[in-house]
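Two complexes come next, and they have one chain in common, subunit A, joined by subunit B in the first and subunit C in the second.
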Partner chain A sequence: MTERMWNNHEMRSSYDVVIIGGGAHGLATAYYLAKNHGITNIAVIEQKFIGYGGSGRNTAILRSNYRTEEGILFYDQSLKLYEDLAQELDYNLMFSQQGHFTLGHSTASMQALTTRAAYNRALGVNSTILDPPEIKKMLPEIDISNHPRYPIMGALYHPPGGIIRHDAVVWSYARGADQRGVHIHQLTEVQDILVENGEVRGVKTNRGTIHCKQVVSCVAGWSSEICKMVGIKLPLVTHPLQALVTTDYKPWLHHVVVSSTLHIYLSQTDRGELVCGNGIDHYPHYGMRSTLGFLESYAAHLLELFPILHNVTVQRQWAGLCDMTPDYSPIISMVDDVDGFYINCGWGTWGFKGSPASGWNTAQMVAERKTPDMIAAFRHDRYVKNRLVGEKAAASVGN
Partner chain B sequence: MSFQLNCPNCGKRAVSEFSFKCEYMERPEADADFKEWGDYIFLRENKKGTQTEWWFHRSGCQSWFLVERDTTNNTDHKSFWYKDLKQKK
Partner chain C sequence: MEIIVPIRQVPDVALNIRVNEGKVVEDGVSFVISSWDETAIEGALQMTEELGGEVTLLGIGPERVSEALRKGLAMGAHKAIHVLYEEGQTDSFGYAKIMAKVMEGRNYDLILTGKQAQDTDAGLTASMLAEFLDLPQVTNIIRFSDLAVDGMTLYRKGDHGTEVIGIKLPAVVTVNDSLNEPRLASMRGIMMAKKKPMETLSPSDLGMGAEELGLQGSMTEVLKFEKPESRKEGERFEGEETETVPMAIQKLVSEAKLAV
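On to the complex of A and B.
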């Protein structure tokens, strides 16, 4: 008999905590609620299958070289949790800390990268500035001449950054949660949230009503729709982000490369495929179709960096939904007017790397009904209070 | 090109000719309080379904206009001028 990684269960009529969304953030929250706080009577409700959202569609780049103190400390905690995760979950996550380049093509971007390197180092995160000959030594195929439209002027290099196997992260958090008693209900859609006298009472799904006193929304691109159910308007806009993968080539690219000026990033997997992505589609959309326009613009910009790639074959392309915030920082927050409702979203194009720290701190917030210091800056109402956590320079294309 | 957007001036053109600005919202009065302006600047319906939104024909006639678009299915949409929104009410 084959061993299942997680089990199907009958749906109980009540749970202590209901988590909406079976992505990495929802599953990590369930796992850490069970492991760190002994709360195991939990349901994770997923409308399709786990990993259907961004967690199964991302390009799996991890790093912690952000711009603000709040961002750097949060993503650093996340990267450190990722470093021990394969051991802890007993699952090969193929985490390769191969180093991460952010290229600069203008004096303005070199200035921003230099500031980031300084902030990173001040907070103990390894980041340095490299000049074009140093870049060429580590990336021999890159064009550092002055022929391209945007010649390379330098780079922010972040040695602990790298890539991971994203599906394995989703599956291993699911297995870890399941082993501790969490119920994962796939093909179950939340259609309404029941609130009485300002307190959460349960959720209505297509398979019946579940009673509970705490609901955590971890639905990324779908968050505006879920939060509307309890009368909360979010500062989010949902845009598709596209990616592609080529056929496999012999190993030649040994580091992650990102250029925000050219709107592209790429890395090479252990199988030899190049995993590539660029910026979000320019208008909001809830569909997940890929476009020829993306492929064309990606190819044009990629060839400016790596002319040797003129003959590569694209294997497939896809898209996923991104919940974009105005300041490019996440929202992890309790809500004043709805007791027992918690929001976890605003992960945009950059949130997969945040899953472990997000799950860790969200679990603590739910267990203690109090906001941990680590995420105090990420409240949902910071925008209208003029307390933005500006990460655009570090998160808009960098992933 | 992923779909063709209808410009009230030029007709159907590749969506890559246009800039999307924002979903349409009523602008607060100039003397509205800080909270009202904050909500207007940052909070969005972000609707999964039909919403009214501002578009600009950047690589065409340079007009601003409104589009009623289904955000799950771009092909169902109606484009019109701002003055016609006012008349609808």
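On to the complex of A and C.
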């Protein structure tokens, strides 16, 4: 008999917790609710299939070299959870901690990177500044001459950063949750959230109504739509982000390389393809279209860094949606006016790397009905209280 | 050898095409080069690589068509002609007429294109173009050999085998997708495409008036599009094979009326 990674179940008329969104965040939340808190009567509702959204569309880069104390500690927890995840979930996630370069092309960016390195080290995260000859030793193919438009002046090097197989993360969290009794309902669309007297009562879906007292929204780009159902307005703007993958080549790039100024990041997978991502498209949009303009600008910038890549051919391009927040930090929050409703969104371009810590802390928040210290800074009302967690300078690309 | 490759930009069929009130919804749709035309570009590039000469792409339609042309240039084509106009509803006859006008006074040895467009599947434009230009034509080729500037041997896929045809150039030839595997654009190719010559023409530049364009210049009219009916959801049997196989057979007999 074929063993299934996760099973289809009849939808129950009630669950203890309903999680909307079957991406890495929703599935990790379900998994940690079951594993850490013994809450297993959970439904994960996914309108398409699990991993359809950002979890299956990102470029799978992991790192924790953020800028603020809140950001650094949160992503450090996430990276540490990732380090043990393959063993914990008994699934080869192909996590390669190959080191992560953020290149600096100006005096201002070098100052910012130097500050980040100092903050990182103060909080126990391994980050250091390298000069161009040191970069060249580790990335022999990179052009460190002063010929390009944006010569390389140095880099923030973050040894624990790396890449992982993103689909495997989604599948293994799904399997781990399923094994503990969580129901995953794919092709199920949430149409409304039922609230009475300021308390969550259930979720209306295209397959019937589910009664529950706790609902977690983990729907990234569609968060504004879900939160509108309970009358919450979020400061999110959704932008597409495009990426591409080349045909496969023998291994030559052994580290993740990011240039904020050139709006590019790239890594080489175990299969040999280069996975290349860009900044967000400049216009807010829900369309996941690939454009020629992206290809053209990406090619120009990539060849500036690595002129040897001129004959590399592009196999495929795609796009995903990014729910951008004003301060480039996520929103993980209880909602004062709607008891039992939890928001997990605003993951912009930094969501995949935060998935384990996001799931871990969201699960704790749901189980204990109070905000864990680790995510206290990420409440949704920080925007009206002017307590932003500014991470824009630490975003991979200029955006 | 000078080759002109007419290409068509079509909605990406890998994405979900939506139909609203009998019309295809363009919002959110990605457009790509029709796959048979990509094969034609590759075929033309191989021919010019062997004999020298240039590949000129020809695209007809709104601004977005220039993207398809630039993608073809990124593959290695040398230059492009864009007949820029909001085509509205134009049929194969209408397109062939415009193409024939574009060809007037141009120097070419071969017109090579896909056997049909991926969106309409009509497969008429090239034949009509050959008629307008009074040129020989061979359709649906899967191979070429004995390449020379004045002729070549073509292998045409027929219903019951392959026809081997000698043809004198200039001619109009359409390609089957088994002719080749189109190359992917390289990073350098993508960048160089931006600098390659693209000639933009309007229908009036070609001396064509409104009566020759769009629906007026067409001989047929598409009244509406209908989405194919979605398939009925299948049934999955899970468990031990000793139980599930008899259950599946039982269903096939009782519902699909399969004789056992």
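We adopt the following convention: the second predicted complex is superposed on the first by the 396 of 399 C-alpha atoms of A that agree within 3 Å, B and C clash if a C-alpha of one lies under 4 Å from a C-alpha of the other, contacts with A are read in each partner's own complex, and residues count from 1 in each chain.
The definition used in the following text is that a residue touches a chain if its C-beta (ideal position, glycine included) is under 8 Å from a C-beta of that chain, and two chains touch if they have at least 3 such contacts.
Just so it is clear, the model here is predicted, and its values are computed rather than measured.
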Contacts for A:292 in the overlay, against subunit B (first) and subunit C (second): which applies, first, second, both or neither?
both
Output check: A:247 vs subunit B and subunit C. Expected answer is one of first, second, both, neither. What do you get?
second
On the A-aligned overlay, A:94 touches which partner chain: subunit B = first, subunit C = second, or both, or neither?
neither
Applying the document's definition of touch, where does A:123 land relative to subunit B and subunit C: first, second, both, or neither?
neither
Once the shared chain is lined up, is A:110 touching subunit B (first), subunit C (second), both, or neither of them?
neither
Output check: A:302 vs subunit B and subunit C. Expected answer is one of first, second, both, neither. What do you get?
second
Just to be sure I read the superposition right, which of the two partners does A:367 touch: subunit B = first, subunit C = second, or both, or neither?
neither
Contact-wise, after the overlay, does A:194 reach subunit B, subunit C, both or neither (first, second, both, neither)?
neither
Given the touch rule stated above, what does A:138 touch, subunit B (first), subunit C (second), both, or neither?
neither
For subunit A, which residues lie in the overlap of the subunit B contacts and the subunit C contacts?
286-287, 289, 291-292
Using the touch rule from the top, collect the residues of subunit C that touch subunit A in their complex.
27-30, 67, 70-71, 74, 183-188, 190-191, 193-194, 236, 238-241
Across the complex, what residues on subunit A touch subunit B?
222, 224-225, 233-238, 281-287, 289, 291-293, 326, 383-386
So in the complex, which bits of subunit B are touching subunit A?
1-2, 15-16, 19-20, 34-35, 38-39, 41-48, 71-74
Subunit C touches which residues of subunit A in the complex?
1, 4, 8, 247, 286-287, 289-292, 295-296, 299-300, 302-303, 309-315
